[in-house]
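Taking it in order: structure first as structure tokens, then the write-up.
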Amino acid sequence: MYSVCVRDHLMIAHSFTGEVFGPAQRLHGATYVVDVEFRRRELSPDAIVVDIGRAGDALKALLAGLNYRNLDDEASFRGRNTTTEFLSKEIFDRMVSRLRAGELGDGASGIEAIRVTLHESHVAWAAYESTI
Amino acid sequence: MYSVCVRDHLMIAHSFTGEVFGPAQRLHGATYVVDVEFRRRELSPDAIVVDIGRAGDALKALLAGLNYRNLDDEASFRGRNTTTEFLSKEIFDRMVSRLRAGELGDGASGIEAIRVTLHESHVAWAAYESTI
Amino acid sequence: MYSVCVRDHLMIAHSFTGEVFGPAQRLHGATYVVDVEFRRRELSPDAIVVDIGRAGDALKALLAGLNYRNLDDEASFRGRNTTTEFLSKEIFDRMVSRLRAGELGDGASGIEAIRVTLHESHVAWAAYESTI
Amino acid sequence: MYSVCVRDHLMIAHSFTGEVFGPAQRLHGATYVVDVEFRRRELSPDAIVVDIGRAGDALKALLAGLNYRNLDDEASFRGRNTTTEFLSKEIFDRMVSRLRAGELGDGASGIEAIRVTLHESHVAWAAYESTI
Amino acid sequence: MYSVCVRDHLMIAHSFTGEVFGPAQRLHGATYVVDVEFRRRELSPDAIVVDIGRAGDALKALLAGLNYRNLDDEASFRGRNTTTEFLSKEIFDRMVSRLRAGELGDGASGIEAIRVTLHESHVAWAAYESTI
Amino acid sequence: MYSVCVRDHLMIAHSFTGEVFGPAQRLHGATYVVDVEFRRRELSPDAIVVDIGRAGDALKALLAGLNYRNLDDEASFRGRNTTTEFLSKEIFDRMVSRLRAGELGDGASGIEAIRVTLHESHVAWAAYESTI
């Protein structure tokens, strides 16, 4: 299995609902350093998993739709806890949509699985991975 | 599959038995930067894999039972080579016990697998992973 | 010159005033990975710059006064842009107060300078340093 | 499953053929920080996956055959795009050959899978993994 | 003294002249992860050292003039060894020119010193720093 | 001012004397990831601060004299607390001796200052720096 991974980041505000979150129930924020790993069994004829440049551009465009925002005000997240693991899945879903829309190029059609990892600090991260 | 990972560290002395270990047969030591990754297919109702705060506290408590020690003097390791890979499994086992004892909270009951990684330097690490 | 540095982190929300900030004028947030470096010319009789354990505890206590908050709501920051460089100086000032109050132990009296670095992502950081 | 991973690096020049590569069609270069992870279900009698010292030596020897070269001039890569993902597989193949030739020691015979990761910058990496 | 630092990267080919360079006399290449740190004693009225966004854009534009090239073919480097330390100074000079041309904004006029660091691998880096 | 820095590591056991050290009074150990930065105002005729290869070899040879040992048993450290800051100075002194003995090559004669940093974990490091 081959992989290619690109990294970018996101800076958001949010708060959580539920006693389990302790002080994180207050409005606070996070930098998420985001890794998106694309996987496939065979390389394209150009010998790539995906064009790293296009993958990086797609990730930047995707993150622009979330960046510099208070996620508590986003209609699409109403009533949800936008935890690091939840956001990993959200970014996974958005990347799959972009891939299917052809934004990653023709060569990306062979991608079989994606893993999204969000590093929230030097001591904690979350991830979501699945076949697509 | 969702993951959440927390990081802490451990500073121990030990020696190894066996020619394969060369100079590491002498009493020496290591800092292990320890990552514990928890995995499950679905999030809890709070939208988490495990409470990151409780996971970090459980890891710190677990490591306190090994930290600042000469592992050669620990009865439970008598006759064993406490290699980085061996210790990865040891920390895995101890974390599973803590999880089963409820130390990670009710929400942690859905955890299906754990991966423990010990970074022994900037150029080497070992890991143990398994379903639980 | 000797140095000792300890690291911890902080997760806050805030917004900025001024066109130069572009989209960061919106309410957003950040994780700051915080390094505090203590410097002195000679070691204490125990051969330390400062007790790493006490330094780490002092940093954690200091950060607890800022952590998991919307800095826009903090009275002490009214009318200020809480940029990464501004917060570096703020944490410097608070650490100097704690050091002078004896919180870092007697041995810390020889500390001559402090540098505070806040990493806001994998591609940007700010710092403030000064003699004390 | 147990893992052990060793790290080293490689500095090469090359160019790519194909419009998808944009400016990387020009002769340029890269530092690849190379991680080789060895996996097996059970530890050897010495409690290791593989001798970390021998694994590191084997990796250094392997990389010496590629290091400080223009890969466009290497006969074995004629007509191939030596992308990061392609080189991950190449290093995988060469490590498997060395393992089978006994270069990693007798204890390494239990290794079941290898993952090779090449970090080409702080924002992109590629990998190849397979059972052996 | 306040600092702000931004990071980007560069991928080039080159060769060195001189026996001291050993195998690096051959045509090879490198990824340089580039940190540019800006320093000043007082913050601007907006509470910044420099606009991080503009600093990052200026660095990316600057690096585009060097990126994906064989430095041996660049007229401006004829007869020079483009070592990591030499390139650190080259990037310093180019950033100073851009700063003086106003590319970093009006607020950047207070910058007093710059440090450029080029990480060539996980085990080596070089830097150049000076007042401007 | 130009800098070049090389990195290697060291794995030792030791214990500390003094109540300030708490549990670190017990025999324990550490991995130290060691950075040695060499500084000079002007480059050599070859456009280097020091030959990175020779600097790395000198560091490896120096560390071999400390590596895989219990520092409590070393005659040269009798009655001393081998803290991270103390060891930074020790490695500084040993590197200066090697430099003066010509081990870093003729070109290294222009080196004016050295900084040695020992990373003891992902959250703490110490350093010693001085002109030579």
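Letters A, B, C, D, E and F name the chains as they come in the text, with residue numbers starting at 1 for each one.
Just so it is clear, a residue touches a chain if its C-beta (ideal position, glycine included) is under 8 Å from a C-beta of that chain, and two chains touch if they have at least 3 such contacts.
Everything quoted here is computed from the prediction, not taken from an experiment.
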Notebook entry, point to check: Between copies subunit A and subunit C, what's the superposition rotation on C-alpha atoms, in steps of 5 degrees?
Noted result: 180
Check: Taking shared residue numbers divided by all residue numbers at the interface, is the value for subunit B and subunit F over half (same) or under half (different)?
Finding: same
Item checked: Distance from subunit E to subunit B - Cα centre to Cα centre, in angstrom -> 40
Margin query: Centroid from C-alpha atoms only, then distance subunit D to subunit E, rounded to Å. What do you get?
Written below: 30
Next item on the list: Just give me the whole-number Å value for how far the CA centre of subunit A lies from that of subunit E.
Entry: 30
Margin query: Residues of subunit A that contact two or more other chains, please.
Written below: 7, 122-123
Next item on the list: Using the touch definition up top, name the residues of subunit F that touch subunit C in the complex.
Entry: 18, 20-22, 80-86, 88-89, 117, 122-130
Item checked: subunit D-facing residues of subunit E, complex -> 7, 9, 11-14, 23-24, 26-33, 67-70, 120-123
Check: Tell me, which parts of subunit E touch subunit C in their complex?
Finding: 1-8, 43, 46-49, 51-53, 56, 105, 107
